[in-house]
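Letters A, B and C mark the chains in the order given here, with residues in each chain numbered from 1 onward.
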Amino acid sequence: MADKLLEVSDLSTHFFTHAGVVKAVNGVSFDLEQGETLGIVGESGSGKTVAALSVLRLIPDPPGKVVEGKILLRGRDLLGLDDDEMRAVRGNDIAMIFQDPMTSLNPVFKIGVQIAEAIVLHQGKSKREAWQMAAELLAKVGIPDAQRRVNEYPFEYSGGMRQRAMIAMAISCNPDILIADEPTTALDVTIQAQIMDVIREMQSVYNSAVIIITHDLGVVAQMADKVSVMYGGRTVEYGPVDEVYYNPHQPYTWGLLGSLPRLDETEKQRLTPIKGQPPNLLLLPPGCPFTGRCPYEREVCRQTWPEREIVGPDHGVHCWIPLDERVAIREKLPQFQASVA
Amino acid sequence: MADTTSAASFAQPQLDSPLPPTVESEIPTTRPLGLWADTWRRLKRNRMALVGLGIIVVFLIVGMSQVIAHLAGVQLTPYDPNAVNYALTPEGIGSPPSLSHPFGTDYLGRDVLSRTLVAARISVLVGVIAVAISLIIGLSLGPVAGYYGGATDAVIMRIADVFFAFPYILFVLLIMTVLGPGFTNVFIAIGILSWATYARLVRGSVLSVKTMEFIEAARAQGASDLRIIFRHLLPNTMAPVYVAIAMGVGGAIVTEAALSFLGIGIQPPDASWGSMISAYLTYLPAGSWWMLLFPSLALVLTVFGFISFGNGLRDATDPKLKE
Amino acid sequence: MIAYIVRRLFQLVLVLIGVSMITFTIMFLIPGDPAVTLAGKGATPETVARIRHRLALDKPVYVQYGMFVGRLVRGDLGESYQFNRPVMQMIKEALPNTAQLAIAAVLIELLGIPLGIYSALRQFTFWDTALTTAALIIWGIPVFVLGLFMQWFFGLKLNLFPIAGGGGETVLWVIPADYLNLSCLVLPAVTLGLIEVAYISYMQRASMLEVIRSDYVRTARAKGLPERTVVLKHGLKNALIPVMTIAGIDLGALMGGAILTETVFSRPGIGLMIYTAIGSLDLPVVAGGVLFATLVYVIANLVVDIGYALVDPRIRYE
């Protein structure tokens, strides 16, 4: 059987600070095929960004370190590569779009320079060629008057334009995988949809796989084929989007879905937020990180991390509540009451 | 500070930053002033800053006790700092450190340790009073400029520009020439020249903070402009000012020393470290190193304390410094 | 860009007007009657009155100010009371000594840049801690204390360099061309330069540290750029900006005469000229010297600002 495009298994990234060890990512696994879109969902502190940065080996060391796991890109373990080999992967095979385009672009260099850099580096083109390609890329991502704009500085762009420029920068070398870390969080709501469109478009043009990291379930529903729900550094549930959204098995996933307003509701439902605070990453229990906030937890939850349980096609969950009990509880939850079609 | 609302926050201090305020506030910062514990915690990890703080504390204790002693007419030193004793200066060049005189004696037989201690009084007074004068002026004009903006801001900042345009020492010298040498004039000169630094700092912070919601709230409650400025804006913009104060005190002490060294500052019989250095200079070729060393050490150590602590404070209140 | 320069020039003019007003006011306020001083002892009241009239000291304040500004604009700084020479000429003679000192000191202090960068890249190591500690200590030493120490140690004890003097042959007016001139320059330049190196290396380190942790540096790495390019191209340009402005402003400030250093080393530059003039109440020299120093400082600030705008494009739209 052919290798998957990307296969991450048991990834653990810890930060060793003077306040203690922060287990930002703790035994996380996910995979990706060519052209697929994976959504990694979680709140702040769930470890989703750290997981993405770990794939590119961009974790600052000190104080961070990937302590365990395998990251296989077409069968090749990225964690075993030396610096030069890894650099050939970055921007080339795997590219990343960061959350805040204002601070992620170098303020003293023109946009054209920043895009052309990667092209010159990975594709060996001359500066002139790369510059022209940069202008074309900007046009492709929807920046008007691209020939002139490529000569400008980041501060001369609007927020949405900057993010488009970042996307252009990321796809400049036809990466197989595009990682988008909360690409729309720093932007106006009206711009968010546009940016998601651009990403989707680029994905189809270049046939890239996309990992989209977000806290927004709506975005995942629109864009992703499969989803991985993270909490407190662990993956608590994963599977195809439809599966997870219509057949969720983890109390945290229920909470996430419950806090979404739904357009098809006839009666006024109250939004049910998840009670409690995000976990203190310095004091994670050995078991499930959701303890303390989970309304259905039991003794064993805090002590031991539950093994994976397959509950559907390619759909796994980590939870100690027995399956039939889970389904029973779920049926009674307000957010899963059948809506009037 | 007790009545600031929970939305309290202030922008990153920028001393002479030409960056437009909009760029600055792209980086949102939240460090409620009530979190001194947090600042203290970060400060504790900076050993140099702690050493500096220790030096400052020692300096303040010694200096303040000398101030009080002077006011009370009491002597708080091992020997009378002005007691001339020709026996202790056989060749007119003083005597080296010994058990009875740990810092030695000067060319008139006076105990150097006692004189060094007494001179600390001047340094403390300069540091405190000069900086206080600057603060009063700067913290009045700065927030006003930032809050009202427009013409008021332009006028105040142009005046500040003029003050910034003069090379510092020259300017201080000029003022001293006008006022004449002596004790109080030193404080005044330094004080009225340094206000611009604080004014500019506060103005920058005010510009960022004044658009925040809790100011709107205060205005909606009918608070007068003055009240808004001094009760709500100012307390939230103080962190960079504290750093500037630490540095400013150090700077004031050095400036006074320089002025006294040049002969324009403290006049005899008062002694400051600067005037001592100037007076004892001529005895160096004769080999009397101790007269020069101890006041110099005291000066260098004290200034180092303020600089080190000031830097540490700046690092500890810098929200951009990720841990 | 042009708009920015024009705006700054306009500010400059305003500032200079303010400076001239303050300088004039201070001159006016300095106690002592120059006419009396010039007339000398035992002069008759008529002589004094005549001198006062000649110096236009009997005219109203604003007229005197007007005359003052009028002369300034023509480059006439008046005549020294003490030496009866044009102040402008005195400045011209003293300037090379000050200029050499300023340039030498700034060249030395630029060494702080690589030191600061090195320190930042090796954060948490022994060298970083050592360099930073040394920088903090040296930065705080008052310049005249350090100057005295240098004189004593290198001048008297080791007898390596002269402890006083200046002047002599020069090339291009700012490069000392004979040994005496050069050796007189060493101690004062090193004194000034050392303190500034400490300051600059500390600032450069701080700037570099901040830049290294920035998001755009992370982006550069994510593109696969080699670490050297990330640091030197993306990081350095941003990190150098604040430090270069410091160096530029230092140059301007020192051109105005490092009074303390020149006094300690008896170097006949502008600083010493002004200081001596203060002592003898030679007002034209004081005023002329201060105005000159301020002008140079303000222009240096302007040049630095323009340079800043050239490097950091955001500034041009302030």
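Quick note on the criterion: a contact is a pair of C-beta atoms (placed from the backbone, for glycine too) under 8 Å apart; a residue touches a chain by one contact, two chains touch by 3 or more.
Quick caveat, the model's predicted, so the values are computed rather than measured.
Novice: Using only Cα atoms to place each chain's centre, name the chain farthest from chain B.
Specialist: Between chain B and the rest, the longest centre separation is with A.
Novice: Report the most central chain, judged by the distance from each chain's C-alpha mean to the global C-alpha mean.
Specialist: Closest to the centre of all protein C-alpha atoms: chain B.
Novice: Using the touch rule from the top, point out the two chains with the most contacting C-beta pairs.
Specialist: After tallying contacts for each pair, the winner is B-C.
Novice: How far is the middle of chain A from the middle of chain C, if each middle is the mean of its Cα atoms, in Å?
Specialist: That gives a centre separation of 54 Å.
Novice: Express in whole angstrom the distance between the two chain centres, defined as the mean CA positions of chain B and chain C.
Specialist: The answer is 22 Å.
Novice: Using the touch definition from the top, which residues of chain C touch two or more other chains?
Specialist: 314, 317
Novice: At least two other chains touched by the same residue of chain A: list those residues.
Specialist: Residues 103, 155.
Novice: Using the touch rule from the top of the page, what residues of chain B touch 2 or more other chains?
Specialist: Answer for chain B, listing residues that touch two or more other chains: 23.
Novice: Of all residues in chain B, which touch chain C in the complex?
Specialist: Listed in rising order, the residues of chain B that touch chain C are 18-20, 23, 48, 158-159, 161-162, 165-167, 169-171, 173-175, 177-178, 180, 250, 254, 257-258, 261-262, 277, 281, 284-285, 292, 296, 299-300, 303-304, 306-308, 311, 320-322.
Novice: Which residues of chain C touch chain B in their complex?
Specialist: Chain C residues touching chain B: 11, 14-16, 18-19, 22-23, 26, 29-31, 132-133, 136-137, 139-145, 148-149, 152, 156, 202, 210, 213, 253, 256-257, 259-260, 263, 274-275, 278, 286, 290, 293-294, 297-298, 301, 305, 308, 314-315, 317-318.
Novice: For a test of understanding, state which residues of chain A touch chain C in their complex under the given definition.
Specialist: Within the complex, chain A contacts chain C at residues 56, 58, 62, 83, 87-92, 95-96, 98, 100, 103-109, 117-118, 121-122, 153, 155, 166, 169.
Novice: Give every residue of chain C touching chain A within the complex, in rising order.
Specialist: Listed in rising order, the residues are 124, 214-216, 218-227, 234, 237-238, 241, 311-314, 317.
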